[in-house]
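Naming follows writing order (A, B, C, D, E, F and G), and every chain is counted from residue 1.
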């Protein structure tokens, strides 16, 4: 009855660009390389954005799951 | 004695439009595609709203369960 | 020795009107249809109230347990 | 070596008046009817107080444990 | 190699006066009667203090562990 | 492959001076006597500091792990 | 199907410089020596930064995982 699970959607986004909204109001854009059941995330070529502007080049970055609001494939 | 469980209600809303209120005061409207026991959610054709106005087109989006206040089928 | 458990009280409120206070200061009034051990709740005929006034008709709504302060049968 | 456990103290307060301080700064006074290991609580004849004044008659009320600071038998 | 565990220190403070700092900025002074692995605490002869002044006599009080910053035997 | 674990570092700091930063902005300096997997900590000869100044002599103190940001051996 | 896991990325950063963003807005720069599944971290030669400036030399430091937003290898 449970046709698709949320982590399946993340799996389809692997190696694709995703935008991540964080609880502190910032956004991280990058290529999704890895995730786990806690929604810990690793991105490549990541950059931090605030109000649409690039604030910081992060390159590879590990993001702790409990700081994430949403993940949107681009 | 426990006639229906909360996740049964989410299951009935699958493939239907739902409005999700987030703890940061924003709302996400979209088609419910997947959920799990943590209330992690995947929506299709999602858009973010604030005070009733569309703020952002999100398309497919993964929402972390612990950021959700309520989910209301439309 | 433990005569009654808190979830027994919720079970007695099933199909009855309840008022739910949320951590964000809002209240949801509706008919209790389902709950689980996380206190995730499903209401029918729900409406959101703020300072006693109806702010929004929600109809059926799923409320995530960790956003709830208290549930009061009406 | 562990002579008494905290839940034993709650058990002794069953059917007695207790004052509960909540994390949102409010207080609930009522008769303790049930509790569990999450400190979810059910009170009878409950009323909400703010700065010592009765703000709301609640009657029977279920309080989610993670919103509670302390419980003081009266 | 792990010579002493934190709960051993609480056990040595049983039946002694302790000062507890809460996350809401208040302090509770009382006699430690019980604790558990969640650091839920029961005090006897407790009083609430703010900025060094007694604000409220609490008598026996149950304090939920997740609201506690530190416990200092007096 | 996992050469050292974080708790090993705490174990090496046992009986040594450590500075602990708390989430409420305060610092506790003292001698590390005990810790557990929740990072609950017991210090001896502890004192609370704010902006570098000693605010309070605490002596022996139990600190609940979830209130800690970091622990730095001195 | 799950090619890489987030902790694998941390493992590759072992003994390398990493920048850690904390939930309180501060940053810690140091050499990653250890981590665990809670993302508790030990750094060597750590320093705290605020707005790009060094605020404090920390040397060896244990950081509790739940205070971390992201970890970026330098």
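The rule is short, and it goes like this: a contact is a pair of C-beta atoms (placed from the backbone, for glycine too) under 8 Å apart; a residue touches a chain by one contact, two chains touch by 3 or more.
Quick caveat: nothing in here was measured; it's all calculated off a predicted structure.
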Common touching chains of chain D and chain B: C
Geometric centre distance via CA averages, chain E-chain B, whole Å: 41
Chain A and chain C: spacing of chain centres that average the CA atoms, whole Å: 33
For chain B, residues that touch 2 or more chains besides their own: 66
Chain ring listed from chain A, with chain G in second place: A, G, F, E, D, C, B
Complex interface listing, chain F residues touching chain E: 11, 14, 22, 24, 28, 33-36, 40-42, 46, 58-64, 66-67
List of chain E residues in touch with chain F within their complex: 1-10, 13, 23, 25, 39, 65-66, 68-73
